[in-house]
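One structure is given here, and the rest of the page talks about it.
Labels run A, B and C following the written order; every chain starts at residue 1.
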Amino acid sequence: MARPAVETRALVKTFGVVPVLRDINLQISEGRCALLTGGNGSGKSTLLRIIAGLSQPTSGDAIVFGASSRNLGVVRRRIGMLTHQSWLYPNLTARENLTFYAELYGMPHGDGLAEKWIAAVGLAAANDRVREFSRGMEQRLSIARAMMMAPDLLLLDEPFAALDPDAVAMVADLIRSAIARGCTALLTAHSQLDLGIEIDRYQIVNGRVVPFRDETRAPQRSRIGA
Amino acid sequence: MGAFAAVLRKDLRLEIRSGRSTIALFALSLLIMVVLVFALNPQPIDRARDAAAALWVALVFAGMLGATRSMIAENENGCMSALTLSPIDPAALYGAKLAAAFAFMAIVEIAAVGLITLFFNLDFGADLARLAPSLMFGTLGFAALATLLAAISSRTRAGDLLLPILAIPLFIPAIIAGVKASEAALSGFPLAAASQWLGILAAFDVLFITLGALLFEHVIRED
Amino acid sequence: MKNKIGTALGLMTLGLMLVSLFMVFEWVPTEADQGIVQRIFYFHVPCAWVAFAAFGIVAIAGVFYLWLKDQIWDDLGYAAAEIGMVFCTLVLVTGSLWAKPIWGTWWTWDSRLTTTFILWLLYGGYLMLRAMADDTEEVARFGAVIGIVAALDVPVVILSVRLWRTIHPAVLITRSGEHGLEDPRMVITLLVALAAFTALFGWLLMLRFQQLRTRTRLTILRREVALIEAAVGDY
């Protein structure tokens, strides 16, 4: 089997003495879309942050495209991330925010790229400062920020939160397109999602990651049009 | 170095955008100097010494408030995480933050020098030109120090208080050397007379810029 | 095994201190100019040596912590900082006690005392940082950085203060105690005192370091227990 895009080995994270993640052994193959569900405070966000190298594991390792998350080096360039915080500058406009990130990542034609992605997430107010945006608009712009760089790995923490149905469909589409061009994606959510593509489903229970089994027959998923 | 330029440009733009607080900082610097005028009650004989003292007090206080802004701005919305994840080299990020802090302090200082000249009845011209090296080195050193320390203090309790507690003792050699060099400049001595002091300032700058570049990645790393 | 080292250091300290006390108060001749008060010099100088050496340890421990990321280095650095601070305070206090009878003032800005005072401020900043940050890993990292930065600042401080004082010498001349120790007994007494205080520092450092190590080990154990408890919850 080809080297997985993301792999964790006996990953443990404790905050002080409180264990949040215990012995996580996860493998996500390249080009797959994985969904991790769990309640509030279950550790989903922590796991994503560790994979992105923003947080250090207490023990064990997370390996992204062959590089340890403790020292990602050039692999950082290949990761696009969405967290609960928007990573946007409130006093800059939407366009200025995206142009900044484009330049930061060394993308050519940052202006054009920014315009394209602002349109792709359905934002009209490119010249308004982010400070004036609603939560939903901020979320959409943040997704644009994460995906703009054509990353090989998307780490999206609750991407559909605070989005209205139209936006949800748009974002689902963007994710599908990314997967189609070979990107690997790890999403988190509170409950199951149906994106119309094959998804590897996991859940966090008591600090451990286990495959998700649909115990009930009832349609508890929110179906997002394909 | 595109990333360096991107961060610097972004920080400068943000500083310009926050217009109101820049004006407030000007006002504060002005008032600090007013206090010093009344406290020192400068006589013509002590002009150079008092003016140099006032200038450096203003530098330190204004620097404390202004030099850390670009670091504190990154704490909003978790932007520092974005920078950590980005491919930018931590040393380059440090350099950009340092440059932004320096630029901001420089602007406030130019205004301060103007006020000093007025309040202490100095001559415009050659004296002020000789003042430039000591002020520049001093500002650069403080910016280098504050940028590194702000990354620490902004993440601890009572960070606003912690910053001066950490910064001032570290900055003392620069204050000693800087005030002496500034005083010499304002007294009409040629630059060579203050060469030892300027040498200390330069050494201070080299030391702290190097330390900052090397250690920055350790202070911005979260968790 | 550790207790053996601690006990050995403790006994050595006791022995050297007793000898030192005897030498300082009974054996060494009184200095001509300053009289009996000059004897405080034999405590003042070793304290200063310890204060500066401890700071060096804080910085080196900091480097190792950032490099190896092992908590043991942070424990060492923190212990060294706490104890160094005590000795630094002693330098200032003994310096003050010495100054008053000799020159009639409690404080003087001569180059050595000024430098020590700045060192004291640096220590204070380090300790305050440790007090104000909550998370262990973060505070250890920050402490390491501050320790390194401050230690490298010290040479610049020494240089600038010395220059400051040569151009404007303190109103009071520097103490004559250190140069021109005419009588060899003075030199010997000083060296013995240095050894005694170094042993004292080593002993105190060992004690405090072991305390911090125990605390670290306890945290690790509690973490293990929490992990096991959570594992039980799986069933």
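A few points about this structure:
One rule holds in what follows: contacts are C-beta pairs under 8 Å (C-beta built on N, C-alpha and C of every residue); 3 or more make two chains touch, one makes a residue touch a chain.
Just so we're clear, the structure is a prediction, and the values are computed from it rather than from any experiment.
Each chain gets a centre from the mean of its Cα atoms; the one farthest from the centre of chain B is A.
With centres taken as mean C-alpha coordinates, the chain found closest to the middle of all protein C-alpha atoms is B. Centre-to-centre spacing of chain A and chain C amounts to 50 Å, using the average Cα coordinate of each chain. The geometric centre of chain A is 39 Å away from that of chain B, both derived from CA atoms. Between chain B and chain C the centroid-to-centroid distance comes to 31 Å (mean Cα coordinates, whole Å).
Residue numbers of chain A whose C-beta contacts span two or more other chains: 56.
Each of the following residues of chain C touches two or more other chains: 135, 137.
Multi-chain contact residues of chain B, defined as those touching 2 or more other chains: 221, 223.
Touching chain A in their complex are the following residues of chain C: 135-137, 219, 222-223, 225-227, 230-231, 233-234. Interface of chain B with chain A (complex): residues 2-3, 5-7, 9-10, 13-14, 17-18, 73, 76-79, 81-88, 221-223.
Those residues of chain C that touch chain B in the shared complex are 66, 118, 121-122, 124-125, 128-129, 132-135, 137-138, 141-142, 144-146, 148-150, 152-153, 156-157, 159-161, 163-164, 167. Chain A contributes residues 12, 14, 16-19, 22, 56, 58, 206-208 to its touches with chain C in the complex.
For chain A in complex with chain B, the residues that touch the partner chain are 49, 52-56, 74, 76-77, 79, 81, 83, 85-92, 96, 100-101, 103-106, 145.
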